[in-house]
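Here come two complexes built around chain A, the first alongside chain B, the second alongside chain C.
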Partner chain A sequence: MAKVVLPGDFIEDVKNLPSVPVIGRGLKVYKNEIISTQGGIFCSGKDGMYVDVCSKRYQPTVDDLVIGVVSNVMVENVKLDICYLENAILSTLAFEGATKRNKPNIKVGDVVYARVISTSKFLETELACIDKDNCARGLGVLPSGGMVFKVSLKHARRLLSPKCQLLNLIGKEIKYESCIGINGRVWVKADTIESIKCIVKIIQQSEAVPDCNLKEFVDSHINLTKGFCKKEHESME
Partner chain B sequence: MRDDPLSTQECEFYQKSFRENSRFDNRTNLEHRDFSVMFGKEFGTCYVTLGQTKILAKVTLSWSSTRENRKNSGFIEMFISKGNLGSTKAEPLKLEGRHLEMLRCLEYVIRETDCVDVDSLCIRINETCLQLRIDIHIIDDFGGLCDAGSIAVIGALKHCYVPMYETTAECDYIYNDLYKYGKPLTVFHTPIATTFGLWNDTGICVVDPTNREEMALDGQIIISVNNRSEVCGIYQINQIDINASKMSELVKIAEKRTKYVSDVLNKTLLLDATNRKSGVSVKPFHSLIDLNSVNTFVL
Partner chain C sequence: MEIDLNRRKVLTNLGYRSDGIQRQAQGSVSWKQGLTELRCSVFGPGPCRNKSRMRREEVYLNIVVNQLPFATRDRKRNENTKRDRQQKSISRYLESVFRKCVVTELYSKSQIDIYIDILLNDGSAMAACMNAASVALATASIPMRYVPTTVTVGYCDSDYVLDLNADEETKNVCRLTITTKNGTDNIVAVDMQKKCETNVFDQMCKFASKESSQIHTILSATMLHYAETCIGLESRF
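Right, the complex of A and B next:
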């Protein structure tokens, strides 16, 4: 079920719920009542409920995977800009195989893919590039040669959804690597600058394209990049 | 608030695109962004969109006393809106960085090069004059502030009307628009600024850089040329190395750009005058608000 809620709308009484659900994004429990704090589409299931919000400002949550830009390197910590009010803290020992005698080589301006391990409104956000087994699993400093840009948070969640076929459609035509952070930052790396520009434009402009029209949209953009229109392409085949 | 930092990979990407003469938005190094000019319902308001940079300029004439050092002419004052709508770095009570440079550059070009006939704004020598006040509102900042700002200010000055006034031996009469129509403000020439981003190591020159490209370049030169191919001002930001032949090439590019912008501005002014005469309703500015468009605020 889906319905539109506004900030301050009453959702449900806590006592009426059968079990302890997950009160997700955009909702708040206030005096035994669940009230929405943001406007959007209310989604609920048997596990929990949340509000699908269209926004551009990121709010850190534990276990989010974010892309940050290094803004300051200190002795034991690295400050990362994750599109939030304050810079997040990333310990230099929170990398795979990092010890006090073997620290990773991080410079200001590097792009890091990290996980949020602690956040609150009283303390700084803490990040880590390892999980509890001390394995990286793709986290860490992203390799050079790519391009970092920003999209809205709703679009980032859409790209990360398994139902979205945009990245697969791009992958059929162009070989590329990508990394999408939940904070709206996207990192793309391909062989040539033209490929990177094409992918960036497709990802940025596909925000307003519905899912059923994605294939025509991607095909038209890639054909534009290759320099001929669709008819010529068909006639050549 | 902080600006979005430019990462090393983004900087290298932009520099590589400068080297290959193919920029991020499919422009070559010597191409400008598209711009559009729109005049408001009130006389003296001009709204300019340069790519995604949006600037609104408003010219107001008000009655004032003359200044001591120039008793027989009016004077011009320029203000930039200090709200934080245009950029994340703009703070309410502080002018810094790009905005201060934009104000200095435009002030010099409009005031010091005698763009407007301020002598005709004097009503009574040593007593009363008309004060010209120019307000510039930076609605969105995506680079090219001086370019869009100069187009907006020149458009607003050309769109402005001096109120009709009469002087007698005892007192002055200044009429509002309902009673008597005024005359246009006398604008002698139209200086238009063109921004060039420069890269010291390779000598590459980039025309009209965006805000992210500005961060990847070493510095900028802003050349103001009017429609008679006269250089009105050259403003330099950061420390850059440039020789005379390169500078003359930049001036030629700025001259061509100024001719094109002047033509577009004159056509738009003529269209606006025709629409007003034939009674077509002027489109208000708030219809340009698009909530889905990208802006630098909370980017």
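Right, the complex of A and C next:
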């Protein structure tokens, strides 16, 4: 059973710890005491401790992979909305193969998959679509024709976990491509609009489904969609 | 008249659902303390709309307390209740406590909105607003150093009374609203109406500190009920 902590609860004295741990999110050191600042599930290991919080507000961290929507295009920078306080900044030279003469074609409303390279509470968050070898490795502007929707941060982390089989189960029935950002945004693209709607509904409603019941849940939703398509096909005849 | 149940309104006029939870807010709570009933909504850290009030090092708290016209026995006009002296004193008291309680250095140059609607005012409105706002902030996952626990104490007919109602407040009764840290004897804020002797004031402070642990138990149970949803999701993953 996980331990639930509330704001202001006493966790541990600093002097009692054998080594210097990593004090993660939701915790704060206050006069040689570690107290929790948020309500959630307390998780601890040998390296550090943190509080698992069910939250809707995204807090950017370095090396996060996020999905942003272009809100403003300037000469050298692009402003992206990544569900944070202010818009993030993405340089137009931070794309693969981009030079001052050859800039990527970005318009307002495009969806970009980028990595957070710098974050501060005083400055704007900086993003980039290349790594240190100047290769994209999947980052960049996502192609058109897909659908972007929001899920909670916990569900996004669950989908990105290697133990989660939801995306594989959907892939056995429907051919699609998807992109999941750690800030709670998911991009899905498939051949037909009915397939996209089916995948979006499965991903959104599977938040409250446990892992052992995922297969029956996905099968029932896909059978429902096929039945709906079959019924519509019969009515057209 | 036949009522179509499928078209029954889910949202009331104030934007709340029928169970009192506002879905658009980051955290919301429906609070009832005796006959005093109110709703509290917290809109999480967002960009500061009023640039002149933006702070460079900490978050700006925008607290609006609104007493509805039908909240008291005598009906009041709606357009003036937000600027009444009583509502302004409640919002100033809440701001003085939460400025120290919320970990404000995490969100620089941002704004947290707290909206409180008093549906029925039967005395001790300041304590009810403070308790509801602290629970709403915890459900919104905003980091707090402690849970402010507020209790109202009065000195009436040579005896100490707790949690006054509207009849007791209209009499010539010395009234004290005390906020403590996590229900302990650390007093963080005091609001006093009318006069009393010094030793009576000391006894009232001791009495309030002793009784505030019961309020903290209720606040912890409410926040624990919200945090249990994380357990429900976590244990089934």
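Criterion: the second predicted complex is superposed on the first by the 226 of 237 C-alpha atoms of A that agree within 3 Å, B and C clash if a C-alpha of one lies under 4 Å from a C-alpha of the other, contacts with A are read in each partner's own complex, and residues count from 1 in each chain.
Keep in mind that, in the parts below, a contact is a pair of C-beta atoms (placed from the backbone, for glycine too) under 8 Å apart; a residue touches a chain by one contact, two chains touch by 3 or more.
A quick note: this is a predicted structure, and the numbers were derived from the prediction, not measured.
Undergrad: So, does A:131 touch the first partner chain B, the second partner chain C, both, or neither?
TA: In the superposed model, A:131 contacts neither chain B nor chain C.
Undergrad: Based on the superposed arrangement, let me know which partner A:146 touches: chain B (first), chain C (second), both, or neither?
TA: first
Undergrad: Given the touch rule stated above, what does A:69 touch, chain B (first), chain C (second), both, or neither?
TA: The first partner, chain B, only.
Undergrad: Report for A:28: first if it touches chain B alone, second if chain C alone, otherwise both or neither.
TA: second
Undergrad: Could you look at A:41 and tell me whether it touches chain B, chain C, both or neither (first, second, both, neither)?
TA: Touch status of A:41: second partner only.
Undergrad: Just checking: does A:110 make contact with chain B only, chain C only, both, or neither of them? Give me first, second, both or neither.
TA: first
Undergrad: Tell me which partner A:208 touches in the superposition: chain B (first), chain C (second), both or neither.
TA: After superposition on chain A, A:208 lies in contact with both partners, chain B and chain C.
Undergrad: Please indicate which partner A:154 is in contact with in the superposed arrangement: first for chain B, second for chain C, both, or neither.
TA: second
Undergrad: Return first, second, both or neither, reflecting whether A:12 touches chain B, chain C, both chains, or no partner chain.
TA: A:12: touches no partner chain.
Undergrad: Going by the contact definition given at the top, which residues of chain A touch chain B in one complex and chain C in the other?
TA: Touching chain B and chain C on chain A: residues 56-57, 85, 208.
Undergrad: Can you list the chain C residues touching chain A in their complex?
TA: Per the touch definition, chain C meets chain A at residues 26, 44-47, 56, 103, 105-110, 138-139, 141-147, 181-182, 220, 223-224, 226-231, 233-237.
Undergrad: Spell out the part of chain A that touches chain C in their complex, as residue ranges.
TA: The touching residues are 1-2, 4, 6-8, 26, 28, 30, 35, 37-41, 52-57, 85-86, 121-122, 154, 158, 207-211.
Undergrad: Along chain B, where are the residues that touch chain A in the complex?
TA: 1-2, 4-13, 16-17, 20, 22, 24, 26, 292, 298-299
Undergrad: Under the stated contact criterion, what part of chain A meets chain B in this complex?
TA: Listed in rising order, the residues are 56-57, 69-71, 81, 83, 85, 107, 109-111, 142, 144-150, 187, 193-194, 196-197, 200, 208.
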